[in-house]
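Across the two complexes that follow, chain A remains constant while its partner is chain B and subsequently chain C.
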Partner chain A sequence: MKKITILIVALLAVGLVAFTNHSGGIYKTNTGNINFYSHTSVEDITADNHKVKTAFDASSGKLQFSVLIKDFEFPKALMQEHFNENYMSSTKYPKSTFSGTIENMEAINLAQNGTYTSPVSGNLTMKDVTKEVSTIATFTVTDGVVNAKASFNVNPEDYNIDIPKVVSKKISREIKVSIDADYMHTH
Partner chain B sequence: MKRPILLFIALLVLGAVYYAYKSYNKPHTNVEETAAAESLTAINLFDAFDTDETAALTKYADKVIQVNGSIFQIDLSNDAEPQVVLQGNGNNGFIRCGFKSSETDKVKRLNDNVTLNVKGLCKGFNSSEELDLLADKDVVLSNCMIIE
Partner chain C sequence: MLNKILVTIFLLPSALAYSQGMDLLDDDIPELAKDYTSATFKTNRVVNGHSIETVAKKEFDFKISHRFGFLSTGVYELFGLDGATMRIGGDYGITDNLNVGLGRSTVDKTYDGFVKYKFLKQSKGVKNMPVTVAWISHMGITTLKWPQHQRENFFSSRLHYTHQLLIARKLTEGLSIQLSPTITHLNLIDSTKYNNDIISLGIGVRQKLTDRTSVNLEYFYVLPDQMDSDKTNALSIGFDVETGGHVFQLFFTNSSGPFEKSFITDTRAKWLDGNVRFGFNIARVFNF
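Moving on to the complex of A and B:
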């Protein structure tokens, strides 16, 4: 009788460990990429940040981002200066954050190599303005590393970014924000 | 009499065009050629941001600074920007130094557990009280170079 109890307890324990290994834990990176791209007939503007801090919780699907505005690098120094000083006031509002959810987390099998998609939605904060954004993200699992790619459009006017008339034609009202991050399992 | 005026106007226009061209194409801050505005330890730099982010931003952001600290991690996870993480407070505080991809070989040759002298452009403090999954706090430097 005792043997059976021990066996059941052991099986339960193994099952529990296997379960937590596969579906739990925090996946994180400090070196994610965000690119934004503004296209108009007059000028294309692009900028990159390679130090994006982001993490998701594999059991709840909770997803967070934090990025420094000043760390976006533009091909031209003057554009970078205008972006920081005139449009983003990056000394006053140094960060942009996102807090949301991977809505279809249970469909992503982190223990199995493959490509999965899920809607992602949440709140994007820039210049002290918070708006809801949503998109479809692609998750590629390769031996425990999870690459996530997603993009969505942002209208600068929604975030209190005033664009003067003189340069109005050079800056799109639909700026494409693209994310590309490799998440590693932490704990 | 008219000619000198015309010549003057022409020169003025040329000057304006030259100025506009120069500012449109002005280069990024060259970290190598810029003298460091401040030289301090990683621990003191982290402490400045952790104590008063606004004051530290005013003092250090957009400036070339030189930092000395012990290496916590050599992070080559992003091909576009090799990074070195210095210990900031012995716990969850760090200085994250980004290098141009052309510096990858130099960064690779660094050893863990040694102290590093680095010069770079300070970009601010990536930390967030509200985001519980992102509890680490990083002072961020970019376009870094190793000082031998």
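Moving on to the complex of A and C:
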């Protein structure tokens, strides 16, 4: 019986440690920004999403994003409609997600104000297509708030986004995706 | 045995804590407070008549509508291509939901204007609304010289009005339908045995073929005993092609003119006689 009790206590401890191991805690926001920018000699296209959900785990460096495609705002209403209707099929594929890792998490001191950089890599899913992306992100810690900035390029054709010939010259094959998010400590 | 169960129970939390997936974000339900349905129709016309779509604020949708002669005229008239009528005009967005438009048609040298207001939008999620509903009021002025100079002609006789309630629902990604209860008021009518008000019901259907093309059907059913018996209902079948800022609508119709009074109350040609016209609308949106 004593053995069992010890075992229980030991296992409880393991369980607790597993939870409290996130001593760094989860940092998240529901109002991150993602901008994309397509530059061609014919036309520049840009759109913003200010309702990006994202979080990272300060102990493991695990990083996640979830974005509703319909939340991207364009300067022209017609562009926004075409983006949702013709390019992203956002009713069928409402969300885009990213799941990856801040690879140099241990070098980022969240308790101390300052600017840190780290490679970030992971899987970006759009329209049911998942591809690996990687970039260097900049983390700025200001009194516990962590601002993260990063950008990378995507080719729409990699994600099953069909560009018809007539508009081919208006849409870049290297769309710059820029991220700007202020993470708050949650627990 | 007990040991094993206990081990399992107590190991479970540790295992869960380390499991992968979207566990940092409580992200099961997409949260779009107002998920409005977009693109019930490609453009703000089904074929001849208005759809519930409106031009966005500060955007101008320039429209040219052409329709040729009857296909039944044969090779001599190149199946109607030798003769054409047209309307040139545009829709402007005062707000995203309030549009005004002006146009001028060669048919009866008619100027037309309208005010359109979309007051309900199909949506799901927090707000659930099954249909999009818009109101549109048109006014037209015929500026043809009077055919009968010997009688007294009034300016008011040149005016006609059409009011429509447009009710549409996007049933699936591809299929949309619209019902348009319509009343047309003619200040001058053919005979005193008819009423100045003509009641009709418009039916529009849109089926997408690809992301950028669709087939549209439009029928205006005029309730019986309101017009001369040689008049008939307008039936149109259209094909929409959208290329960025342009929408091309190619169609076949038995209707005569491109404005409401004309295609609802002046259609005499019958599909079964081959009296069908080919036509097209070109729409181009400009931003201000």
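Here is the rule we use: the second predicted complex is superposed on the first by the 164 of 187 C-alpha atoms of A that agree within 3 Å, B and C clash if a C-alpha of one lies under 4 Å from a C-alpha of the other, contacts with A are read in each partner's own complex, and residues count from 1 in each chain.
One rule holds for everything that comes next: a residue touches a chain if its C-beta (ideal position, glycine included) is under 8 Å from a C-beta of that chain, and two chains touch if they have at least 3 such contacts.
The model shown is predicted, which means the values in this text are computed figures rather than measured ones.
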item: Touching partner for A:E103 - first (chain B), second (chain C), both, neither; value: neither
item: Dominant contact partner of chain A by residue count, chain C or chain B; value: C
item: Partner chain(s) touched by A:F56 [first = chain B, second = chain C, both, neither]; value: both
item: First, second, both or neither for A:V67, with chain B first and chain C second; value: first
item: Chain B versus chain C as contact partner of A:H82, first or second or both or neither; value: second
item: Doubly contacted chain A residues - partners chain C and chain B; value: 26, 28, 53-57, 62, 64, 66, 68, 70-71, 76-78, 84, 91, 94-95, 97, 99
item: Of all residues in chain C, those that touch chain A in their complex; value: 2-3, 6-7, 10-14, 17-18, 21-22, 24-25, 27, 30-32, 35, 38-39, 56-57, 59, 96, 173, 211-212, 242-245, 285, 287
item: Sites on chain A touched by chain B in the complex; value: 26, 28-33, 48, 50-51, 53-57, 62, 64, 66-68, 70-71, 73, 76-78, 80, 84, 90-91, 94-95, 97, 99, 182, 184
item: Residues of chain B that touch chain A when the two form their complex; value: 23-29, 53, 57-58, 61-62, 75, 77-78, 80-81, 83, 85, 96, 98, 123-128, 130-134, 136, 138, 140, 142
item: Chain C-touching residues of chain A, taken from the complex the two chains share; value: 4, 7-8, 11-12, 14-15, 17-19, 21, 26, 28, 53-57, 62, 64, 66, 68, 70-71, 76-78, 81-82, 84-87, 89, 91-92, 94-95, 97, 99, 162, 164, 166-167, 170
